[in-house]
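Across the two complexes that follow, subunit A remains constant while its partner is subunit B and subsequently subunit C.
== the complex of A and B ==
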């Protein structure tokens, strides 16, 4: 199995995760979607030096991982390519913001280091929340939920088809990579000289496949409107979950819980 | 049921793929469409489905195949693609099967009943919730046929339904095709399969219909077949 085939397998594994059964999986997708949006909004609203307030928000995904039965390591494994990029966002802050902001004993910690850590944590929390949403809901139920929230059908269809198109491109890439490697034994990866034609061929092949798929959809009556799987009615339990999330996020955002706890320990 | 009247088509003007094609297929007939690579079989199918527009006229159950009537025409036709991967685009077999009926206005309950009935008829119940990426080639081909049957079409078009299948899966597909009561047009190079499933054969060569007759007669005509880069079915070749 080459790298691309593994990537394809990983894509389908997300669907498998979403098909599991747990308290989180059984919640209404709209409740999960809105709570994730609230969570991300709360996380992003922190200032660049408010690391301690932000740290408390780590408890939420940890709790959801427990409730959904999804091992945390799967999240980090699946996000392994995106996480470094997100982490790299604030990497240069320590060089520009050198003024000491606080002291860890005798060691001064600059504002740049704190803002870098804040940015990294924000990225990590947002990614974890998005992963949990996808892993407990699935793309189809998520799209159905977006439609219920009156997001334009065209945008939702675009999201769904883009998700599917990633699979088609990965399939084509897997076939091409395998064909290449079979004729280039001992060579690691694809030679730089072949990148141009390789990418061009990949685009052409995936466009052909996409066209065939679209024809297949048209021949089965598709007319720019997807019939998403039915989503159960929004129950009192879902409303309670959403209200609880909103209340907890507001509380964690407004009350400096970490400082209080830290104060207790220091005292 | 299907009528082609002087149909011609060219992807590039100077190189016609189909030339002045005329034939009729009656309701309930099972017709094999044979010919060497590049003979125009797939293009003919695409014209019939309204995926391409050429010269001349095509009718499906009296309805002309043109832009304004495409929805009506396509509702009567079910097309099994050569590559099942291109046919099965939803995550699971069930979601793929229900896609067509829902688009044609059936309620989810009705569509689900129809899906269950088709799966039961083909003995594929255990595939219902399987992921499309995790079923074998033979299962995928049967599932592709099931997705088409779930739409309850009047005519079934198949492009190489037995290609890339092992002998056992090929036999399953052939037996399934034989039980389908609909009008069928099957394009294939597998002449043994055509002999098993079709009463009549259309032989194409260079974009022209060169022969039209009973399968049992035409597929025994060694000279005719060899003149158009084909061979006798293995079963009739005396090997």
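== the complex of A and C ==
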């Protein structure tokens, strides 16, 4: 399976997850979008040594994973994109910040190790939050919600159209790459002689395809107004969820819950 | 270069959202003013193509590795900067939403680092002056145009990637999540992205050359026939390049770190700034402080009218910036002198056809 087929599988997987039904799926997309943004903002607002405050925030995605019934391993597979740059930045911290920050019994733990762990935990928490948003919402409802939040129609329509065509183009390129590889066994990637023509051929055909697409849109009555997915009205339940989220995040941000809990056990 | 959420503080993320949002707003406004509804599907299909095309591995001859193409330059050469910018936003959003490649809060920063530089800086400062200019006039018209496309793509990719990588360093350092010194982080990021930029530029130019050979009318600012007089003269192009040098020289030197550079730091340490001794080498025993070095330093003291990149007696960042600008001007002056000298020595010799 090549890179493009894997990407296609990931896309359909996300669509399938979003098509399921659960308490989380039934919430209004705007409520989910705003609560996710609040969550990420709260997580990012922690200082680089505040590992214990951050740890409590792990509870929220865990709860949502349970409520929505979405398997966690699909989310972890996406860590391969998140980790490299975070690692590149975080792994240096233990070497630069060597002053001991706390002692675990007799073992000193340096500030650098704590800040590295904090950075990685932040990466993980933010990934889980945005993954949960997409896995329970889907692109159609998210776009409808963005439009209601007054994001320009041009941008939202472009996002929807592009998303549809990402599938088509990726499939086409997956077939082309496979055909190329079958004719050039043992070769890694596209040879220099075909650098231009490989994508160029598809690019030219795509430009013609775009014109046909526009004609077909016009034939179906498109007139600078795009119909987005139907989204039910923002109910009291959704408002309650959003308020609850905001209150809990604020509380967890201000109250050192982990330290209190630890204080119950350790003197 | 996709940044994860964890690398940004909320204030930095919000500031970058505001900057990218403003650029997006202006782009939407201009596209609406142009009123070309048929452009929407073209933008969507091109964006989807670039999204998928970035997954193609191109073999780099002579090495075992592979490269990718540069989306921003390709899209702005095909669609123009505003439409290209919006298409890049959409690509980055899909990468972030569905593949977790770049975070949701970091989207504003990622749009700025990759789409803004790639589309606006790459188009207005590189693609339009060079691809639409009249460089290489001594070549045949078609060959000259091909050379201009290659030059614009490579230069554009290198410049925009350097700016993008520098912004990543700046945003991460401002967010205070790393203990890596600014200078060392720069030394880590910039050279890698120089190599990536060169390769991406060559791949992008290969695609654009193919489009030029088969459907030249699809490319922005490129004369399809390769015959007509170019819109912009060599003088104008040079003037624009001079502005780029001034902006980059002035802007970057303002931020130039006063820390020792990465290699120097790694070898000799900087215990004064709180870092450990590292390899613990002694400066004196490694020739940095010898009689010859002292004499060279004394000579430099006399010749340098801008000691240590700062106007004498001034310690503020503005002094650093002034010297950056002056340095750029000096380089430009030397370049002009070389050109004049070349012209002087060629004079009198019969011109070869």
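The working rule: the second predicted complex is superposed on the first by the 197 of 267 C-alpha atoms of A that agree within 3 Å, B and C clash if a C-alpha of one lies under 4 Å from a C-alpha of the other, contacts with A are read in each partner's own complex, and residues count from 1 in each chain.
Keep in mind that, in the parts below, a contact is a pair of C-beta atoms (placed from the backbone, for glycine too) under 8 Å apart; a residue touches a chain by one contact, two chains touch by 3 or more.
Keep in mind the model is a prediction, meaning the values are calculated, not measured.
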Quick check on the superposed pair: does A:140 touch subunit B, subunit C, both, or neither? Answer first, second, both or neither.
first
Touching partner for A:219 - first (subunit B), second (subunit C), both, neither:
first
After superposition on the shared chain, which partner residues are touched by A:82: those of subunit B (first), subunit C (second), both, or neither?
second
Partner chain(s) touched by A:227 [first = subunit B, second = subunit C, both, neither]:
first
Decide which partner touches more residues of subunit A, taking subunit B and subunit C as the two options.
C
State whether A:12 touches subunit B only (first), subunit C only (second), both chains, or neither.
first
Quick one: classify A:170 as touching subunit B (first), subunit C (second), both or neither.
second
Contacts of A:207 with subunit B and subunit C, given as first, second, both or neither
second
Overlap of the subunit B and subunit C footprints on subunit A, residue-wise?
164, 209, 213, 217
Which of the residues in subunit A come into contact with subunit B in the complex?
8, 12, 15-16, 140, 164, 171, 209, 212-213, 215-223, 227, 229-230
Seen from subunit C, its contact residues with subunit A in the complex are 1-10, 13, 24-25, 28, 31-32, 37-38, 40-49, 51-53, 55-59, 61, 64, 66, 69, 78, 86-87, 89-91, 93-94, 96-105, 168, 172, 176-181, 185, 188, 202-203, 206-211, 214-215, 218, 275-276
Could you list, by residue number, the parts of subunit B that touch subunit A in their complex?
49, 51, 71, 74-75, 77-79, 81, 83, 85-87, 89, 91, 95, 98-100, 102-104, 108, 131, 133-134, 147, 151
Subunit A - residues contacting subunit C, complex
3-4, 7, 10-11, 14, 36-37, 40-41, 43-45, 48, 78-79, 81-83, 85-86, 88-90, 92-93, 96-98, 112, 115, 119-120, 122-123, 126-127, 129-131, 133-134, 139, 142, 152, 154-155, 157-159, 161-166, 168-170, 172-173, 177, 187-192, 195-204, 206-207, 209-211, 213-214, 217, 224
